[in-house]
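As structure tokens, here come the structures.
What follows is chain A paired twice: with chain B in the first complex and chain C in the second.
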Partner chain A sequence: MNKLKNTLLNDSFNRAYSSVFSILIGLLFGLIILMISNSDQAVDGFVIILKGGFSTGAKGMGQVLYFATPLILTGLSVGFAFKTGLFNIGAAGQFIMGAFAAVYIGVKWTFLPAPWHWIVALIGAAVVGGLWALIPGLLKAYLNVHEVIATIMMNYIGMYLANYLVKLTVYDSKKALSMNVAETAVLPKGGLDQVFFNHIGTTKDMSTVNGGIWIAILIAIVIYIILNKTTFGYELKACGYNPHASKYAGINDKRNIVLSMVIAGMLAGLGGGLLYLAGANGRHIKVVDVLAAEGFNGIPVALLGLSNPIGIIFSAIFISYITQGGNYLQTLNFVPEVIDIIIACIIYFSAFALIFRNILPRFIKFRKEKKAAKAEEQMETTTAAEVEVEAQVKEEGSDKE
Partner chain B sequence: MEYIIEMLHITKEFPGIVANDDITLQLKKGEIHALLGENGAGKSTLMSVLFGLYQPEKGVIKKNGQEVKINNPNDANALGIGMVHQHFKLVHNFTVLQNIILGVETTKHGMLKMEAAREKVIALSSRYGLMVDPDALIEDITVGMQQRVEILKMLYRDNEILIFDEPTAVLTPQEIEELMKIMKSLTEEGKSILFITHKLNEIKAVADRCTVLRKGKYIGTISVDDTSKEEMSEMMVGRKISFAVEKSPCQAEGINFEVRNLTVSSRHSTKKAVNNVSFKVKKGEILCIAGIDGNGQSELVYALTGLMPIESGQILLGGVDITKTSVRKRNMAGMSHIPEDRHKDGLVLDYNLTENLMLKKYFTPEFHKNGFIKFDVANQYAERLIKEFDIRSGQGAKTTVRSMSGGNQQKAIVAREIDMNPDILIAVQPTRGLDVGAIEYIHQQLVEQRDCDKAVLLISLELDEVMNVSDRILVIYEGEIVGDLNPAEITVQELGLYMAGSKRSEVTV
Partner chain C sequence: MSILFLVFQQTMFFSIPLLIVALGGVFTERSGVTNIALDGMMIMGAFTSIFFINQMQATMSGQSLLLIAILIATGTGAIFSLLHAYAAVNLKADQIISGTALNMFAPAFAIFVARMIQENGVQQINFANTFRIQSVPLLGDIPVIGGLFFKNAYITTYLGFVILILAVFVLYKTRFGLRLRACGEHPHAADSVGINVYRMRYAGVMISGALAGLGGLVFVIPTSTNFNATVSGYGFLALAVMIFGQWRPLRVLFAAFFFGLMKTIASAYSVIPFLSTSDIPSDIYKMVPFIATLIVLAFSSKSSQAPKAVAIPYDKGSR
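Presenting the complex of A and B:
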């Protein structure tokens, strides 16, 4: 038992553990909302959510990975900025601008041969996403405009501009969507078409998943290496932790703010490219006045993954999994809006529950202390309210230290 | 003799460290009891236990012989325990009176009743000779006055046991004397005082008894009159300490660092923070800039190190004009800087010791290859500095700096800056908040730098430090140099007059 407690107090274990624990709380909360909205089918609905992508077999899992791909990238975008002390709330705008660039190149630049076409399209997506974040980066570094405000503005500008440009250049008015990208611009399957399909009679019902997920994982690893192994990452994190000390050490903090925002924007833009370069049965840009959900979902992805690039891969897949599960709720009597609410609650409550990361070890330690005290002096029992006060006071005390 | 407060056999553990190990502290009614110990000796922890911020694992607290349980600061307050924190807890745009009654306002039908409170404050103020104007705004009064407001806060709440946490750190010599008088008058009126400090002179001046802690352990309680300073310091650090800084005569020659007509504008007002300042630091010389806090020292240092733009003037290092170069270039050209605020400027607290020690070197070829940090080299480097400079921490090079004690954090900065092998070392209050052992060590390091023919620019508020360490003293007052003095030929009182701006001499550069 003691051994177990020590493991729980161990830091790195505690990190992963707290994320899992948060998810469980999020799910529990989802169950409660299911109960409220439709108590007859709540348990069935909950099972469907838990089954997630598996509800429709291998194809479903393929879809989970397909929709996890942009989430990994926007999660990395937010997480990377977090690590460097910036809150990039503008992943949505960067994402949609990147998506437009990728689709535009995919549709128009048909002169490019096969591998180069999608590669150029992805690069275009990253560059445009980066440019979209450059503006808030410059504003922050040189005019001290807070990045949250600047990136929110850029979200709306990006959304309307992308809508306008899609309509102007690559619009399929019959479907009211962006056009299909050229075959040469579709991301290769990367071997995943061998796994993620369902049999319908003799034909294969293919999933949309493609090599994009490999690219996303690769990028996550690259970001991990940049942050933890290079002088560049060392500088960026130093600026994030303590901008004054960084300046004192001779680090060019303004340059780092700009670079950090640009890289975050490139990641989000690339996410847009990876999602939309997916052939006829993949996603197309809808011309609607709604900010891209993938951008905002990057925030809970980053939080759940604790801004760790490797953790972000898993948290993105989890959120995609739950979202897919939510889609299948429509087979029951759940209104689509309620489904959105349920899924959003699970996602955000999971992220919110991360405070357990700090509270849990303290609680275990407190229990230990209390037990010792009891054994020794047979003190009066402490009520739950006192526990809370104590935790609070302790926090204050340690702050003072 | 009955004790008003007893802390018996207090043990308080934190993960990996026993902060208080079986400590006993007994405070008599009407005495000034000093609590002496190095940084990390457990003084703050012990006081936090008394103030209800921590719960001890073992031990009991008794008041007037009765066992009491202190769960939080409100309990402490109810028992008549008050504390003047090192950093005052005052609302700056409130008046003195408003600050004093904050939290214990007397109201009638939800409306403030200030008159009774004002009378009580005025009465207390005159009774203890505090002379505080109840209607002055906190931001308009001096630090010394602010401290008196803190004292009044305790008195207003009828506290009988007053804890002073390093109260003299922020005061001028004259203000310190005043404070000592106030403390004595408080005990004459029956208050009991716990006085946390590591300044032996002050203990000698006011305290009746003294309890010494070392590394979380109780060393002993002594009568101040019967014990010499040397004995006390030996109890505190566990070995003999020399107070006088040992150093050979200054052998300075050749100019190493020069400042010409430097002017820096102030962020807060139209007045110049640094006004037309010129000086030279020779090789093998410790030049000290003395002055009361807030007379332009911070701005001067920020300007010299490139952290703040200057209005006009020139800075030369080894004859080369570095006025317009970046911080990084100044560092590489041989300027090291031990900053005033180690948490704000000196350290990335969430980085570990290795990462902090390489903060000014990570970009050199020794530490990276094609942009990848050589962590093995960095760790070896950190291990070497840890050994050489005796930096102590829980988990060695892997320790997060935030969890280290102030003294060891400062040692880490000193290690990093001195290992840069600088031509000019700018040390700003390098011993602030440190204990005798660490102070001695850092002074030795400064003198050693000087003896290696380096130039050292010391900015200090501590008179002892100014007098003992420096070879030459410049006094700064309201952004101007008002005196160029030789520490061997001047008394502390005279220096105090220069610092207060009531005396100035022609300064020849």
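Presenting the complex of A and C:
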């Protein structure tokens, strides 16, 4: 019992608890909205949201993981920047530039043999994403341009540039999408094709999920180690907490700002690579003047995962899960944007995380104090005889020693 | 000459909403609360007011309809901004996070409601543009100036300038403005002389919400005939304009015009003689305003004059 209480008082548990609490409130809010819009089917609709990817069995769960992959990376991008005191709102631009680089290499560099082709394409995606974040990083470090504004501008520039480059080089005008990447550039399945498929008669209806999810999880672990187990990560975090103190301690704050941004950009760019190197039935780059949603959804993923790389894996899968559920909502004539409303609500409440974080420990402490007070009362009412007995027992105990 | 008029009028259509929203940003940041939800507030204001126009245009039209829509947009923005104010002031929450939440909420809400309420189930809300003034009587006949300012105009353009003058007056010539600015620079000092910091910050956020809501409507009316749950990231651009304008109304005016001109070049280059002959693709032109803003920011940010206490929740107990 005591152990349980200690875990409840434990800080990291408490933080996770506040996220769960926000999620519950967000879901409740979603239910209310469903009720208002169509009370007859509200409960059915809510069940569909909760069932998420499971609605279409194993293939659906595969899709959840496929769309969670880029979210993990953009979430890591935003979360990593958060930890180092920067707000990277530019994951969308870094993501789409990385995506273009990966698709370009995937389509054009067919001279590369099988495993190297997709590896080089992924590296290309990360490098281009990193370069895209280098500019706001330099502007922030040396010219004091606020990174929020700089990365927003880079988002739009990246979107238009990616559209232009896709149309120029790897455009399939029949489908109005980017071309399929070469077979050698498609990410290997990583054993997941054995799990995530549905049977339709004798044929297998495959999910698009591939080894990208393994890479994403691996990267999350690497980022966790960098942030928590290395001097480099410690310096980056120190700059985030207090740039003046860390400068005083001899840390090169300008270099660290640039490095943080570049690493964040590399993560987002890699996310673009992982999503689009997925064969003919995977996603393709659409040439539209809309910022990549995966980039912006990195923000809720990071907030919900409390910027902790391991937490981000779970929050990305959760966001992907209910988004898939939202797509199935259309069968009941509900609008899938309900999911975005729910996510917005979750984030709004996670902004008060501090308050949730304080309520539970206070409540437990209060109960403890109450119990202690009760125990004291009992002590007072115990008879003198009992006290004597107790004293004797104590004496015996001390004699034995 | 007609090209000059066209470019100038286009520049107005792009700059006035930026000016209005960026002035809203000035009020909220000067009170010490950062508001990156300007974009969401624009969407909410545009959504309710355009929806109102959509519903009422059968019975009303012209300037009276527009005036009521302006009131609705302003009110919606102010009410929606209360969510941000409550989080930022009362709950001392992270202002960036709560702003992000509102930015996500607004377009989702607009699409959701539009698809639920409209009979055909689409997310676009159409409206007939009956608000254009062909030529203002008398003033429109003045040579050159009449063509620049008083033809093919909307009352929202003039409203933008009225708001600018009001903003300068309120911020620098009234007791309220002085107190508001004090809360953004040093809230503890302001509190010690009896100013209610919470109330001032609420006022700042609500003014920004009202102006952002209005800006949403002002942006959509001249540039489109339907509202599609987006203001093309104008709220974020307004933030950049505010920083470029160094949190001062008159410099914000200059910044908004600079950006509006860039945007006009990006969208109307095909009618500008010496640009239409070059074979630069349209995507490159679309980047121009953003690249220009980045360059300008790079040169103007070194000596930033941001309010000192911006984005820091006010806690009476802290020192």
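Quick note on the criterion: the second predicted complex is superposed on the first by the 327 of 401 C-alpha atoms of A that agree within 3 Å, B and C clash if a C-alpha of one lies under 4 Å from a C-alpha of the other, contacts with A are read in each partner's own complex, and residues count from 1 in each chain.
Here is the rule we use: contacts are C-beta pairs under 8 Å (C-beta built on N, C-alpha and C of every residue); 3 or more make two chains touch, one makes a residue touch a chain.
Nothing here was measured: the structure is a model prediction, and the numbers come from that model.
Chemist: Can A:Lys229 be said to touch chain B (first), chain C (second), both, or neither?
Modeler: A:Lys229 contacts chain B only, not chain C.
Chemist: Which partner, chain B or chain C, is in contact with more residues of chain A?
Modeler: C
Chemist: Touch test for A:Asp193: chain B only (first), chain C only (second), both, or neither?
Modeler: The answer is neither, since A:Asp193 touches no partner chain.
Chemist: Is A:Ala238 touching anything from chain B or chain C once the two structures are fitted on A? First, second, both or neither.
Modeler: first
Chemist: Which partner does A:Val145 contact after superposing on A: first (chain B), second (chain C), both, neither?
Modeler: second
Chemist: Contacts for A:Tyr156 in the overlay, against chain B (first) and chain C (second): which applies, first, second, both or neither?
Modeler: second
Chemist: In the superposed arrangement, does A:Ala249 touch chain B (first), chain C (second), both or neither?
Modeler: first
Chemist: Going by the contact definition given at the top, which residues of chain A touch chain B in one complex and chain C in the other?
Modeler: none
Chemist: Once bound in the complex, which stretches of chain B touch chain A?
Modeler: 44, 48, 52-55, 57-58, 71-73, 305, 307, 326-331, 337, 339, 344-351, 355, 359-360, 362-363, 367-368, 371-373, 375
Chemist: Enumerate the contact residues on chain A facing chain C in the complex.
Modeler: Those in contact with chain C are residues 33, 37, 87, 135, 139, 143-146, 148-150, 152-154, 156-157, 160-161, 163-164, 167, 289, 291, 296, 299-300, 303, 335, 337-341, 343-345, 347-348, 350-352, 354-355.
Chemist: Applying the document's contact rule, which stretches of chain C touch chain A when the two form their complex?
Modeler: Per the touch definition, chain C meets chain A at residues 36, 83, 87, 91-94, 96-98, 100-102, 104-105, 107-109, 111-112, 115-116, 233, 236, 239-240, 243, 281, 283-284, 286-287, 290-291, 293-294, 297-299, 301-302, 304.
Chemist: Which residues of chain A touch chain B once you look at their complex with the stated criterion?
Modeler: Chain A reaches chain B through residues 229-232, 234-235, 237-238, 241-242, 244-252, 369, 372-373, 376, 386, 389-390, 393-394, 396-397, 400-401.
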